[in-house]
Every structure is written in structure tokens, then in C-alpha cells.
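Working notes, structure below.
Order of writing sets the chain letters: A, B, C and D. Residues in each chain are counted from 1.
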Amino acid sequence: MIRRNTIPFGPQHPVLPEPIQLRLVMEDEKIIEALPAIGYIHRGLEKIAEKKDFIQDVYLAERICGICSFMHSQNYCQGIESLMNLTVPDRGRYLRTIWAEIHRVHSHLLALGLLADSFGFENLFMQLWRTREIILDIMEQTAGGRVMLGTCCIGGVRKDISSAQATVVLRQLDQVQKECDEILPALLNDYSVKQRTVGVGVLPRDKAHELGAVGPVARASGIGMDYREQGYAAYPDLGFKKVVETAGDCYARTLVRVKEIAESIRMARLALEKAPQGPIAVPFKGNPTGEVLARIEQPRGELNFYIKGNGTRNLERFRVRTPTFANLPPLLHMLTGCQLADVPVIALSIDPCISCTER
Amino acid sequence: MATMLSNIMKNLGRKAATRLYPFEKRELPTTTRGHLDIEIDKCIFCGACQKRCPTNAINVTRDPKTWAVNHYACIVCGYCVEVCPKDCLLLRNEHLPQP
Amino acid sequence: MLTNVTEIPVTQLHGEVWALKQQGYRLVTLTCCDLGDAHDILYHFDKDYTLKHLRLRLPRGESLPSITDLFFAAVLVENEIQDLFGVTVAGMVVDYKGRFLLSEGAPVAPLNKPIGIGIDIRAKAPVAEGGKAS
Amino acid sequence: MSTTPKLSKSPWVVHFNCNSCNGCDIEFLALLTPHYDVERFGIVHVGNPKHADVLVVTGSVNHRNARVLKNVYDQIPDPKVVVAMGVCASTGGIFADGYNVLGGIAKVIPVDVYVPGCASRPEAMMDGIVKAAVILEAKRRNPKAVQAGQPVVVRTPSAAPAAAAAIPQKEIPQPC
């Protein structure tokens, strides 16, 4: 007789860097149902944002998540700028794009490294993270922080990248590209890696749409949705090309990330070369009024901030919908019917960021 | 398998990636935000930094004239440095040493 | 700025959401704001980067019908609204019963605005279970 | 290096993500990777608290994970050292006044070493863990120091107003 068991996966699990619990209802080795239990890192950020003034909130928004920190502050600033009718100068737009794309490379390398670790390929994990350190060096040189850049501000950016720095950064990006070309084929072509990822955790296109998947998860299932196409910041000038795969399994999601790394490096290089001279920020006066749903494409997918200002220094409401929050229902679908041993790989193939999710 | 093997062979010939901290300290970029410091003689104790600090890490009193920062609450964002009217706040690029 | 907002009464919610689902819209998220005597709930939908919003005003004490039967993606956010605003959401597929983000010891409905002046809803709960043990 | 302890035994570290934004976590993971490679000090990152000597906590405490943190702490065999990594673990940092945040981890467990920074830099973390190893050695030699409630507190952040005054700070100029 097959008995049903419920296995709690997490909150402290060796493959998960963050606490999330998945309650897995099992029949032997097969998962019948999965449910997430979160709240271990709920900080109440939305309320804190109402207490601090809207300029301090830039730093708060940056700390929603340490991995995609810059893009959180960028989205927040873009939202406030649209409420206050500010136009960011061209150089500011380019610098934002450079940092955002560099950040995306670091985030994807991190995610791929953790994925490699989840199927026990520790050597590859170390190699990917070694390459990632170059990106962190770039961020430290240009912005001053390895993880928290703190460069985005309302109206533009706070720091400029000098031409001497740009030369160094271009050289370092070359190095990243070179190392990625060496390492990433091992992730894509290795027999043992394919055994663990091909055909595992399949998310069909219609399910992905219905469950609201975003980012690489949606793009791996054939939904060509990338908000960078809509051309915020400097993307319209850089000839952005989105990456779409159709298989919908863990391998396709890995492939999307690998291809996006190359595209991001290309765009960061182009933006560094093309960035026009000029001011990097515009001054502003007054307080934000009105409501807006600010959107941006983050490494994990589409990020939405609902910002409601009431004409005072404090916001009326600040709501954060992060990509992992949208990708959790698809994850539950992927887990259903798979085997317990595949749970770490599937969970890490959506690149979960629980700190984002719970805020 | 073969791709990874060639990577491993390449790594054998390569210089070690490890930074030998704390035996060798690397040269930090000048832009790095390590910890907050003050040139106290220039300070006019206006309290602008205290008001703007997102974490309330800075405490300024006018009488007696004191300026204090709790480094264990400071997020090193640099907002205070920007608003300081006398430019007396600065971010050192090395991190705060262990006491 | 938020454009393309349709204001609807609670009773029409299911019909409108069903119609949007038929047109191929994707549920982005829900946003709840506290207006004092009521909750302002926004449903954000997206199709080919075009946003469409449904807005409904829910007086305090009334329960919100769940749309998880139409969009399973709403399950997390509806639980979140139930936790943080104290709005009862009726008919959710998975109901965490107010223990989704918050646990014992955490304040109740922390994102609601304080009713009247002087009540600080953010006052911390005395001590959590871990605090007692130490 | 005068600060380098004689590690009679290599400290094994268990990492607990309490309420963190991930910034310190990934920096802590970066410690294990080739660029910093703390394994050269014999520091091993383990998953099981019963294997560990040092508990590294990132992020502040909230209502749900306070109990979990206490559990993990209790499972670590004596002598043990707790490192609060980053400002959130030390005082709550930018999240200190959140409704679901109780504050620094010192509210739940005794802390021995505080590491500043948001996010803490790997170098600062290394200093903190090296410091923890020194304290671990001291606790091992003098088991009395291990008694709960009497940790070797290296630095007290402003948990209480009185303690804040004790922090050596850049301050107090001569009134002119």
C-alpha cells in the first residue's frame, strides 16, 4: 500500500542559502503536492518605507534584496521620477543601464553556481563564483560597494564612471567573457549535468502564462516577455535582443541565463562605449503625488513597485511584487509529480530569492 | 566531461585566484565605502546628517558638542556625506577594524 | 501614473476577472491600501506589456471574494493581504489562516493605518517566543 | 600576524540566515570561493549545527525565526561562539523599526563578535571569524567563561542607551 507522507523541506537546508520551507506531500518518492511556508525573513519593509521619507526609501528599496539590489533602487527611482515628471539625463540613463546589466551578470553567475552546487558539481560552483568576483570588483571600483551599490538616486545616479575607469571595466568585462566562454560550455554540454536538468521540472507554456511566471522561467517556457523590450533606461539605444527557449525544463532555464549573460556583457560594453557626456542627475524639488506601478526587468523577472505618494515626504503606500513571488506558483506546479531528489535542482532553477519575496 | 577536464587542466597552470587576506592586504579602490568618519574640527553640529540618516545611526548634540555614530547601525550609504554642509564627513575605504 | 483603471463593485469582480482571463490577460499582482474606513484593492493585469487595473473599494469588515479559482497565481498575494490588512478573503484555494507571513507574537494587521490619532499600530508585541527562552 | 590565532583546532562554521536581505549571505558564501577561500584557515562551512563551533548569523530576528535561531544555537556543543554578521544582525540596521523585527540577534542569543558593514565585506567577515576563533580558544581554556549569559562580548552596539555610550566612537571634541 502506498502511504502518503509529508516531508518538510527546509527552512534550513544545505542547498538553500535562504530559509524557505516547502511542505511536500509524498507518495513514496513522488511528490503529489507542494506548499511553501514562508515568513522566516519577513521584515515588514513596506511599513518601514512609509515611516522613512521618500529619499531614504531609495536605500531601503536597495535592501529588499542583496543580489539584485541596484535594480530595486532603479525601479523605485523610476517610479518616483514618473510621479514627479523628472527626466533623467542621458548619461544617467546609460550609467544605470551599465550597472543594471553588470548586476544581471553577477546575479546569473550566482544562480548558475548555486544550481551547479545543488546537483553536487562543486567544482563548477567554485569556478563560476570565481568569475563572479571580477564583476564584484567592477562594482567596487565604479560604485564603491560590492553588493550594495548605492549609486542610484532620484533624478539620476550619484556617481560617475570616469573614462579611465571605463577602460579598466571594459578590460575586466573581456576577462569575464573569456572565462564564461571557458566555463559555461561545461554547464551546458556536460553529460552528467544534462542528466540532472533535461526534462526535469517541465513548465508548459500555457501553465506558465496561467500561473503568472515571469523572467527566465517564462522565457524558458516560450513566453517572450522581457520588459527591457519596452525601452526604459538606455535599452532602446543598445539593440536589446531577448532570449527565448521553448522546452520549459531546468535545462532551458539554465540556457536562458547563460545566453543572457552574453547579451548583458554585450550591452554593458556598448553602453560604456556609447555613453554620452553630460550631467548625471537632475535636481528635483517637491514631493511625489499620485500613484504608479513601476516596472523593470530584474535578473529573476519582472519587478513591480506600486508607489502611492500623497504630497508629503512620506509615501502613502509602497508595495513590492518581486519576481520570485510570481514564480512560486509555477514552482509548485513544477514540483508536482517530480521526485524528492530533484527538488533542490528544480527549486534553484527558478533562482529563488526569498528575501525579495517576503520583504 | 571533456570540456570540464580541459578547464581543470587550464586551472592547474594558472596563478591561484586566492587573495591572501589577512596576510596580504589588497589595494582597495579609492571609491570603496568602508566606514564613516568625520573631521571633527570642521563640524558645526548642525545635525543634518542625523536627520537624513536612514538608520538613525548618527547622534549629534549641540550642547555639549558631540557627534557620535553607531558603526553597527550604519549602512554606509553615504547619504550623510552628501548632505553635510561643511563636507566634514567622509567615507574611509577600509572597513572598520575589529576592536 | 496609473491609467486604464476600471472601478468595479465587489459583486462584479468575478465576472470582470473571468472576462480578462478569456482575453488572455496575466495577473500581475494585487495591491491593497488602507483608506481608513475601507480598503482600496487594485488588481493589476498585463497583456503584451499593457497594464489594466481593476479597482474596488471594500468597506471595513466585509470579506473579499477570492479569485484563486480563476488565477491560482493570486493565492500568495491574497494570503498576504489577509495577513497584513486583516481583510478576510473568502474561498481561497490554500488558506494559511493569517499565518502566511506573520506568526504568533507579531502585530495584527500591521499595514492598516492607525484609526484615530495617537494609536501606534507599529508598537511591538511584547516578547516573542524566542525572547522568553533566552 | 599578531591577530592570527593559534588555531589549535580549526573552527567549523554553521551559517544561519535569520532575516537578512541576502547581501551578507552571498558575501559569506563568497568567503568559501576561490578568491577568499577561508578553508586555508581550516574553517569549514557545515550544514549541521552539532558539527559546528561558530554560529554565523546574518540578519535580524523576527517573530517567526527567533525560536528557530534559539534552537540552532542550543544544538551547537559548548564551547561555542556567535558572530553577528552585518548591521542587521548587530542592531537591526535599516529594518530596526519594522513591526516584525525584534532587533539584533543579541535579543535572543548571546553574541560574541559583531561585524559591521552593509553588506559586510568578506575581509571584515574574515576578521570577525578570526576573532571568533580567538574567543573560542579562550573559552576552551577557561570553561567558566562559557556560562550562558556571560559571553565574551567584544563590542556592544546600542542595544541599550547605556551601552551606546560604551562604544568607542569618533566624537566629543573640545567645546570651543
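List of remarks:
Basically, contacts are C-beta pairs under 8 Å (C-beta built on N, C-alpha and C of every residue); 3 or more make two chains touch, one makes a residue touch a chain.
Just so we're clear, the structure is a prediction, and the values are computed from it rather than from any experiment.
If each chain is reduced to the average of its C-alpha atoms, the one that sits nearest the average of all protein C-alpha atoms is A. Inter-chain spacing, taken between the CA centroids of subunit A and subunit C, is 25 Å. Subunit C and subunit D, compared by their mean Cα positions, are separated by 37 Å. Inter-chain centre distance (subunit B to subunit C, centres taken as mean C-alpha positions): 39 Å. Shown for subunit A are the residues in touch with two or more other chains, namely 39, 42, 44, 47, 51, 59-60, 63, 130, 133, 145, 148.
For subunit D, the set of residues that touch two or more other chains comprises 34-35, 62, 64-65, 68, 94, 97, 99-100, 118, 121-122. Touching of two or more other chains is recorded for residues 101-103, 110, 122 of subunit C. Touching chain pairs in this entry, ordered by label, are A-B, A-C, A-D, B-D, C-D. The touching residues of subunit D, counted against subunit C in their complex, run 61-70, 97, 99-100, 102, 107-110.
Chain contact summary for the complex, subunit C toward subunit D: residues 101-107, 110, 121-122, 124-125, 128-131, 133-134. Interface residues of subunit A facing subunit B in the complex, by the touch rule stated above, are 52, 55-56, 59-60, 63, 123-124, 127, 130, 133, 140-145, 148, 150, 158-159, 182-183, 185-186, 189-192. Touching subunit B in their complex are the following residues of subunit D: 1, 3-4, 34-37, 40, 87, 90-94, 96, 104, 113-118, 120-124, 126-128, 130-131, 154-155, 157-158, 164, 167-173, 175-176. Within the complex formed with subunit C, the residues of subunit A that make contact are 35-36, 38-39, 42, 44, 46-47, 51, 82-83, 209-212, 225, 227, 229-230, 290-293, 302, 304, 306, 308, 316-317, 319, 321, 325-326, 328-329, 358.
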